[in-house]
Amino acid sequence: MDIFFFILFATIAVVCGISVILQKHPISSALSLVGVMGSIAVLYLALGAEFIAMAQIIVYAGAVMVLFIFVIMLLNAGAEQAAGRSWMAQLLGIPALLAMFGVVAYFIQSYFGNAGFMKFGNFKGGSAQSVGMALFTDYLLPFEVTSVLILVAILGAIVLARKELD
Amino acid sequence: MEFLIITVIKLALIAFVLLTALAYLQWVERKVIAHVQVRMGPYRVGPHGLLQPLADVVKLITKEGVMPADVNRFFYLLAPFLAVMMALISISVIPFGGTIEVFGYRTNLELADLNVGLLFILAVSSMGVYGVALAGWSSNNKYSLLGGLRSSAQMISYELPMSLAIASPLLMAGSLSLREIVNSQAGFQLGFIPKWAVFSGPFPQIFAFIIFMIAAFAETNRIPFDLPEAENELVAGFHVEYSSMTFAAFFMAEYANMVTVCSVATILFLGGWHPLFPMPYSNFVAPLILAAAGALCFWHGMNPARPMDKYTLPVFGVVFLGLAGLMMFPPLVPALMPVFWFLAKTGFLLFVFIWIRATLPRFRYDQLMRFAWKFLFPAALLNLLVTGFLVALFA
Amino acid sequence: MQNLWIIPALPFLGFLINGIFGRTLSKALVSAIAVASVVLSFGWVLKVFFTAGDLGANPISEHYFTWIRSGVFEVGWDFAVDKLTMIMLMIVTGIGSLIHIYATGYMAHEGGYYRFFAYLNLFMFFMLMLVLAANYLLLFVGWEGVGLCSYLLIGFYFLKKSATTAGNKAFIVNRVGDFGFSLAMFLIAVNFGSLSFDKVLQAAPGKPAGTLTTIALLLLVGACGKSAQIPLYVWLPDAMEGPTPVSALIHAATMVTAGVYMCTRSAPIFTHAPIAMETVAVIGLATAVFAATIGLTQYDIKKVFAYSTVSQLGYMFLGVGVGAFSAGIWHLMTHAFFKALLFLGAGSVIHACHGEQDMRHMGGLKKYAPHTCWTLAVASLAISGFPLTSGFFSKDAILGAAYTHAPWMFWVGVVTAGMTAFYVWRAFWMTFWGEYKGHGHPHESPMSMLGPLMVLAVLSAVGGWLFNVPKILENMFPVQEVEGEMTLTMISVAFGLGGIALSYYMYVVNRELPAKITSSLGWLYTLVYNKYFVDEVYDATIVSPTVTGSRVFLWQAADQGVIDGLVNGVGREARGIGGWLRRLQSGNIRSYATWVVVGAVGLLILMSLAYGMQGGGAR
Amino acid sequence: MPEGLQQGAQQILANGVPISWYLILSAVLFTLGVAGFLFRRSIITVFMCIELMLNAVNLSFVAFSNMHRQVGGHIFTFFVMVVAAAEAAVGLAIILTVFKNRGTLNIDEVSSLKN
């Protein structure tokens, strides 16, 4: 049961991911990314992280990506034109990527190859209650700092997007 | 296995009821607005225009679906289905009543009982914006683009006060599962005041309720916040270019959203399916109302205002009396009462939606935004703080 | 507890108020604050004087807080008052108050009124600190402070080039002296392990003569700088660029005598260093003669008095040098009286002649400014040692001591006394006798200026026998009897009167005589008239070599060549390397990203090599 | 060897998905994100690829948290989400500004610090 579930959504995620980087139009990429996020959220559910899954949908799919689409609409960004080039990327890109993926995959296989199995419902620690408990006891300071970070981000965004810029 | 069968049955039932309800909700809206404006509203198709929705559906299906020139075809077609899908999904976690037993099978009156149900609803409703935004962008029309931009900005802005307003009753319920939230509101204090979130608790959530309803109007793009489809500025906003079924999809989405938010408001603030009155009396409320309605129909049938009423109204009267009798039928009472109360409350909220649409003018866009950020958001925040403080104090 | 700190604190308060808010205050208020602060501190000095009892037996000493502490070496912020200090306090605050009052009248029409008084108060503060200090370092603080104030006040008219250059000159010349002083302090600190007077002066007799001589000579250098002795006297005449009250207060009465005070204060060191003593005496005598000769020929009234100041200071050093410290201090006091009076009178004269300073354009002021006239007459009598005037007593005390030390010094001193009498009275006749040769209508000065003049006139008339300093200071500096004192007195008085008479003959009776003499003397006259070309010599030998040396070598060679070359070279290299490295910084984000990825791969491979690739890490 | 494969399949069917598969999936997604970063030219798309990478990392966090039966991974994911939201706000504002000043969204043309 779990395995089919996983294969299904992993496939969706990978396909959407590929389409993110292959689509010519930003909106298409954005929607593909939403697809990736949605499937990842489902995988979170399968991993027993129900709160994180919902947060994933609300924050990423519901807010961040909407912001992206909003900006794309605002700038009416069309399909990108092939102007300018980075010979670095052209030259080293593919081999470097393949090398990285290879090494990482090898790492994972050699370290976590037999690190155990994941069955739905074998981890119940992901409920909103437990996450909130951990967040407000052990990780309180990071939490507060994050709030400050968000405040700063708000100010920065406002200052940057002001009409009378420059 | 039987779990699957039961689920499928419930699915079919809810889908049928809901879609019909959506169709007839539009009829109700037209009727209510007509009577507010002292008109008669739909009257020709069937008795009192009761068949009007069917006529509309036929019309919309048979109409030609126009595809404007050089639009992004895929997104143009994707948008309405996205919208209606997101609107309908969230119904699936809403409990209409308690646990019932049919032919020995016990089941809950809902499709799925997530223990993060509320977050799920929030998530799905936040996805709803994609439909509108994509529609506006993909139909390659400046009016619809503006509509899409407005709707995305507006929905993101009103998500915040809505979420904050939702958070405060959660503090009192202490759970994210809708069913448990409703159960936490059971009972009465002083014997007659129901323990609904709006009334009870260390801090009555009346403010949260109001804030939630206002935000709900914005979330569903209803008047007075229907900027994305403001006729006199943007022709028809994001669905200018849409016609036939795609257009119908947007309409369905809007009404489905209304139903969803009203149900959520009922569950969170109005105690779900819990009756307004203590147990023994509450069972008689429903039959009495229906009987009264039947009697009213008969009386109007006696001295009709219009010729056809002589025949139609008595029929309605008979139907109402029959329903009243059904409500009295002992074995069905425990199953029907909660549903009745739930539907009554939701229906009342829906009526409020329609009523306000008939009453209020439309906001200006900057007013809309200023209202959201400078009044609604701080108010919700304050309410949440006070609630949290009091809950911590009395818990 | 006498709360000595109040004495300097009051002027400092005045300085703060005037300096900070003075711009907005009215002139009346500013002058009120300035005068009041000084007068009050004078009052406090009197209060201390009358309540302290016998200072000779038990001097006051107050410790406020420890300033520097390193190991056993410790410098405290402490004041001490014995008789010597008390006399100095009296002089400084008393004459200071008078001159402040005078200045309110004199500066009435000058710009920067509040600035002037702020500086003046600041000077009082530092001067009092110098006098009150109970150790060399604190004294040095005051020493430097008064130097600063004199610099500020000489350059008070900072729009005048000559004034600013004079200020710079004073400051720089003083640096030389201060250098010597600091060296002396280092030596003291090394040899005595302390800087406080009582410790050092008690330990002085035990030390080897060589050390003491070195210290004494270095101290003398400092004193020469501050008190305008050969070879460092050149700044004082130019210092006359400052306003006249400044000349009176700083460059006649108080600051320039700081050197004398310092030498007297460290008398034990000097007395055990005979060579140093001899040097002091010789320098003092030489300065006296030298300055007097220059004074004979000057026409600028303030210059005349400036040179007379230098020569009188020479007298004081002579006194110190021959071991008659008390006589030196006595002369310091009387000189403060009559020289302040002379300067203030000169100021009054200049005021009367609308800023004219050249005596050739004066004359006949007797009838225009009678009070100025008779007060100046008193002062001139006093400085020329007319019997029973203040100058008479102190000068004769010094000369007598000089005779017992070495007769030739006495004779030189006496001749100098004659010259002094001559040029002072020359100035007097040229100013007040004859008929007015200037422009405009001269007028008498206001009361605020005349009042101090009269007070000082009285003091310079009777101050000598009123305050018999040697008697007061007997227990500190025993006075040795001089045999045949009467005759010596006669001689010096005779010389003084002779000078007066000669000047009367040359500048009142027979006006053509000076011209004849000057023409007959020829080159000698020009030499003296140009102050022996000392400034030019200094310019040629010291100043210009220094300037050119620093320009050519330090600036162009060292700074521009080496340092700038180094810096620029480094910069050029950096730019070169940067230009080479810039290729990486294409500004193209994707290239950067590629580098990052490559780096990540490298890191991962490194890690794998480091930790090995064995499986089953987790669990 | 077939029987090894078979028993592996049975094991999987019995016990569920190996953790390493999740990690591999996140590695794949991460690589895709990097590839997009390297080969796309539109600033917005590049920015989206960054989000993709973040998501991939989050997935591995959650997988590890499931593996260790600890909630820490969720916390980290939560923080990453918050930071991503802030980053998106500022980044998009920057993109708007860049577009306002340069009139282009091509990342290769935005290669100088001042224009």
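As written, the chain order gives the labels A, B, C and D, with residue 1 at the start of each chain.
Everything below uses one rule, namely that contacts are C-beta pairs under 8 Å (C-beta built on N, C-alpha and C of every residue); 3 or more make two chains touch, one makes a residue touch a chain.
All figures in this text were calculated on a predicted structure; none of them were measured in a lab.
A.B. asks: List every chain that touches both chain B and chain D.
C.D. replies: The common neighbours are A.
A.B. asks: Rounded to the nearest whole Å, what is the centre-to-centre distance of chain A and chain B, using the mean of the C-alpha atoms as each centre?
C.D. replies: The mean C-alpha positions of chain A and chain B differ by 33 Å.
A.B. asks: Taking the mean of the C-alpha atoms as each chain's centre, how many Å separate chain C from chain D?
C.D. replies: Roughly 80 Å, centre to centre.
A.B. asks: Per the centroid of Cα atoms for each chain, what is the distance between chain B and chain C, given in Å?
C.D. replies: 98
A.B. asks: Would you pick out the residues of chain B that each touch at least 2 other chains?
C.D. replies: Counting only residues that touch two or more other chains, chain B contributes none.
A.B. asks: Among the residues of chain D, which are close enough to touch at least two other chains?
C.D. replies: Within chain D, the residues that touch at least two other chains are 34, 38-39, 67, 108, 111.
A.B. asks: Provide the list of chain A residues touching at least two other chains, using ranges where the numbers run on.
C.D. replies: Residues 51, 55, 63, 67, 72, 74, 84, 86, 89, 93, 97, 100, 104, 109, 112-116.
A.B. asks: Classify the inter-chain contact topology: is it line, ring, star, complete, or other?
C.D. replies: Topology of the interface graph: other, matching no listed pattern.
A.B. asks: Where do chains touch, given as pairs?
C.D. replies: Applying the touch criterion to every chain pair yields A-B, A-C, A-D, C-D.
A.B. asks: Mind pulling up the chain A residues that touch chain D in the complex?
C.D. replies: Interface residues on the chain A side: 2-3, 6, 10, 13-14, 17-18, 20-21, 26, 29-30, 33, 36-37, 40, 43-44, 47-49, 51-52, 55-56, 59-60, 63-65, 67-68, 71-72, 74-75, 77, 80-86, 89, 93, 97, 100-101, 104-105, 108-109, 112-120, 122-123, 125-126, 130-131, 134-135, 138-139, 142, 146, 149-150, 152-154, 156-158, 160-161, 165-166.
A.B. asks: Okay, in this complex, where on chain C does chain A touch?
C.D. replies: Against chain A, the touching part of chain C is residues 586, 588, 590-591, 593-595, 597-598, 600-601, 604-605, 608, 613-619.
A.B. asks: Residues of chain B touching chain A in their complex?
C.D. replies: Residue list for chain B touching chain A: 72, 75, 114-116, 119-120, 122-124, 126-127, 129-130, 133-134, 136-137, 145, 148-149, 152-153, 155-156, 159, 176.
A.B. asks: Which residues of chain C touch chain D once you look at their complex with the stated criterion?
C.D. replies: 586-590, 593-594, 597, 618
A.B. asks: Note which residues of chain A are touching chain B in the complex, please.
C.D. replies: 25, 27, 31, 34, 50-51, 53-55, 57-58, 61-63, 66-67, 69-70, 72-74, 127-128
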